[in-house]
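Next come two complexes built around subunit A: one with subunit B, the other with subunit C.
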Partner chain A sequence: MLKITIILKMLIILVIVNSVSYVLADNNKLPIYSGVGGEFTAVDSNGKDIKLSDYKGKTVVLAFGYTNCADICPFTLGYLKQLYKTLSVEEQKQTRFIFVTIDPEYDTPEHLKAFVEFFNKDFIGLSGTKEQIEFITSLYKAEYSDLSEGKVPTKDIRRVTPQKTGDKNEKASLFSHTVVLYLLDKKGYTRSLEYTGTPKDEFARKIRELIHE
Partner chain B sequence: MNKQSLNKVLLLVFLFGFASSLMADGKPNITTEQLRVILPPSVARSTSAYGIIKNTGDAPDTLINISTDAGMIMLHKTDIKDGMAEMNHVDEFVLEAGAELVLKPMSYHLMFMNINHDIIKKEGEVTITLEFKDAGELTFKVPVLEE
Partner chain C sequence: MKYKKAYFLSPVLMMVLSTTLLFAGAAFAVPTKIEDRTEYSTSLNSVASVIMNWYGSLITSSDVKGGDITFNMLNVNEQLRNYRSKYPQNISQIVITSTNLMKLSESDDYQFKVKSKVTYKVNNKEHTQARNEAFVFNGSLLTHPNIIPIKTISLNNMEEADKLETNQYDQFHYKVREFTYAWLAYIDGVKTLTSTMNAKAWLNKATYSLKIGAEQVEGSIAPTLEKKKKLLTQGGHLLKSLDVKKDSANTNIFVINLILEWKGVNQTGKPVIAKIHQKIKVKVKADKSWEVISIKEEHLLPIIAPWMGLVC
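Then we have the complex of A and B:
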């Protein structure tokens, strides 16, 4: 009888320990950012209409920017190029790196294709109508503003240069925009918010974690 | 230390100070290091130049203008505020004596717009002229590199 009681107690402890470790393991999982992201439609760099859910089953790294961005966007894509290289071929197959333009007027699908493929031929550029882009940025809280048509006229930005042009219509695409890199899981949920300062190994580890979920 | 040695040391200190005063001409001296233009994708209308602009002289100077043969150019600074990147132009930049302006991603950079892809191309070379209040116009030949 004593032996049975001991065995029962051990079983109960085992069950409790197992439950706790399950909860701990669950807590260590990347959280879901509820309210950030969701289903959207856009046009990919091949001119094809797509939905985010078309990438279901793949881990997605989502970035926002525009091709006339001289500093942060090329730097970000350079960072993503290096990050992509740290993944194995199999991991690359399970991942999609997507660059969403916030300047769909200039960034046509063909244009975006040439731009993103300069960094990596597997990268995907997404464009669409202005309404589609505004919807996507609102989903991801990735608000942006057009500096050239809005608060800062280009001609005033150019005060530092002695070069003058007679073109009154001259304007440059200048936007302020989010620097966040969104990591989405295979169901399209936003699971981590990163930036170019994130060590690539750490970012890659999170991508792998989502691939193997 | 005896008196003779002390005199020698004092003489050396005096000579060093005298030589230094001769060398210090009270003027700025602008140099650059690792200045490079980043090779852009063929469809891009913009790119950046990074590197260091130094004032190794002993008087401050102010960068007032920039020009290039490869498009429009300006000094910009990327500021990150609440996760948003803001591109702000910099009207002029004071380089104190011995100071440097570090141009790097997500910070100060020379921004090119409406670029000439015949010049900003692989293995290309771009002419950049920096105009300072005192040092005047200084022209540099800057290579186009991938990063």
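Then we have the complex of A and C:
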């Protein structure tokens, strides 16, 4: 009789604990950042016109930068490469890592493709017209500004991939830009704002949370 | 032996149970927490609007700018009328230094504690008085327009204080905030402070444009608020900063820039956070009454960590 009572008590506790952790987990959900992001159009690294909603159903990590960025962009993509590796193959299939150029004039889809694929072949580069990029950065409130008064020779820029052309006189602009990494859920809502200082395990946990939502 | 085992187990069970109860308490608090946010913001904004009226109307010195601003006198009882005489005469400014809102457990009423510094003149000599007051607000303030909002005021402490090195806390300061808090209460569903906002003059005329990411809505206030409610369904607005600028082209028009924080849930019950910029254009009419011309609202990127300001 005593055994039955204990088992019953244990069962009740299990039910309570389970329901409690469900409610707590629900309360700890990543919030939607209202007004950060939204539907946009761009051109992907294969030259194909895309919409953000084309990635509906996938969790998205979105970064902004440009291929002539000497320091932070290669560092960020290196971080994202490591982050991608922490995900299982199935989780990788459910996620898209997208790098949006802020210099569409220089970063053609083809050039962007070489840059992002240097880090991971699954990474997607997005370019487009100046207006398209300005619209995307305005949606995400992604700050950037042209640093160079006139353009600088690209041969002088430290880089991980070759210049766009072999021309020694090739020039491009230098930019300062946001370091924010945007984590988007399967509906395209921004659910977390991260940076390369976020421990990769913590970032991966958030990606998984959105995959399993 | 069986008894001993059960005896050994029971403290463990008790521990788990007490932990469970603790969590259960937290879990129980979860659904009410969102409601708390709504109640907190609506009660705070409503109470703050009335408080701004109270303190603004105490500033009577004729030698301060904004001396021509009038406050619609609050609906007050005899105790409050008598209490006004406990303030000094010729007040030129009041600085509220701290506040604390609490719900009174034995009723639906709210207690609002206010610490302030009051500057006034006696025989052309300036004095400053530090006051610690507790207001009890009628909880029906949020639902009934014609009640006396302040039930009681008690003076907990009053003493001479050092002179204030500012002169910006005048009638206009309080008038703008009286309006702003009433407006915030209104957009969260409190309809009892519309006369404070002189809403009859503009509520159906003013334009309200809303930009939330790629979504853009523009129209009159009621339908725009309805559309906003679909995205920000249950929660509340809190004022984070306020700035007023005169329109450069028109001396009788000014612009109130508000930065607000909204927290709550959307239609599907998902938590939502918003950092909101509202730009409210107001015209001061010949009779000194206010008329809102337009409201522009945009949702910004919330700064959740210091590194977010970094650009590389």
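Methods note: the second predicted complex is superposed on the first by the 164 of 213 C-alpha atoms of A that agree within 3 Å, B and C clash if a C-alpha of one lies under 4 Å from a C-alpha of the other, contacts with A are read in each partner's own complex, and residues count from 1 in each chain.
What we mean here is this: contacts are C-beta pairs under 8 Å (C-beta built on N, C-alpha and C of every residue); 3 or more make two chains touch, one makes a residue touch a chain.
Because the structure is predicted, anything quoted here is derived from the model rather than measured.
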| item | value |
| --- | --- |
| Contacts of A:179 with subunit B and subunit C, given as first, second, both or neither | both |
| First, second, both or neither for A:31, with subunit B first and subunit C second | second |
| Touching partner for A:39 - first (subunit B), second (subunit C), both, neither | second |
| Touched partner set for A:118, first subunit B, second subunit C, both or neither | first |
| First, second, both or neither for A:72, with subunit B first and subunit C second | both |
| Per-residue touch tally on subunit A - higher for subunit B or for subunit C | C |
| Which superposed partner A:139 touches (first subunit B, second subunit C, both, neither) | second |
| Doubly contacted subunit A residues - partners subunit C and subunit B | 69, 71-72, 143-144, 176-180, 195 |
| In the complex, subunit B residues that touch subunit A | 38, 40-48, 64-67, 72-76, 78, 80, 83-87, 89-92, 105-106, 109, 111-114, 131, 147 |
| Residues of subunit C touching subunit A in the complex | 2-3, 6, 9, 13, 16-17, 20, 23-24, 26-27, 30, 33, 211-215, 231-232, 262-263, 266, 270-274, 298-302, 304-305, 307-308, 310-312 |
| Residues of subunit A that touch subunit B when the two form their complex | 67-72, 74-75, 78, 111, 114-115, 118-119, 143-144, 147, 157-163, 172-174, 176-180, 195-196 |
| Residues on subunit A engaged by subunit C in the complex (per definition of touch) | 2-3, 6, 9-10, 13, 16-17, 19-21, 23-24, 26-27, 29-40, 69, 71-72, 139-141, 143-145, 176-180, 193, 195, 197 |
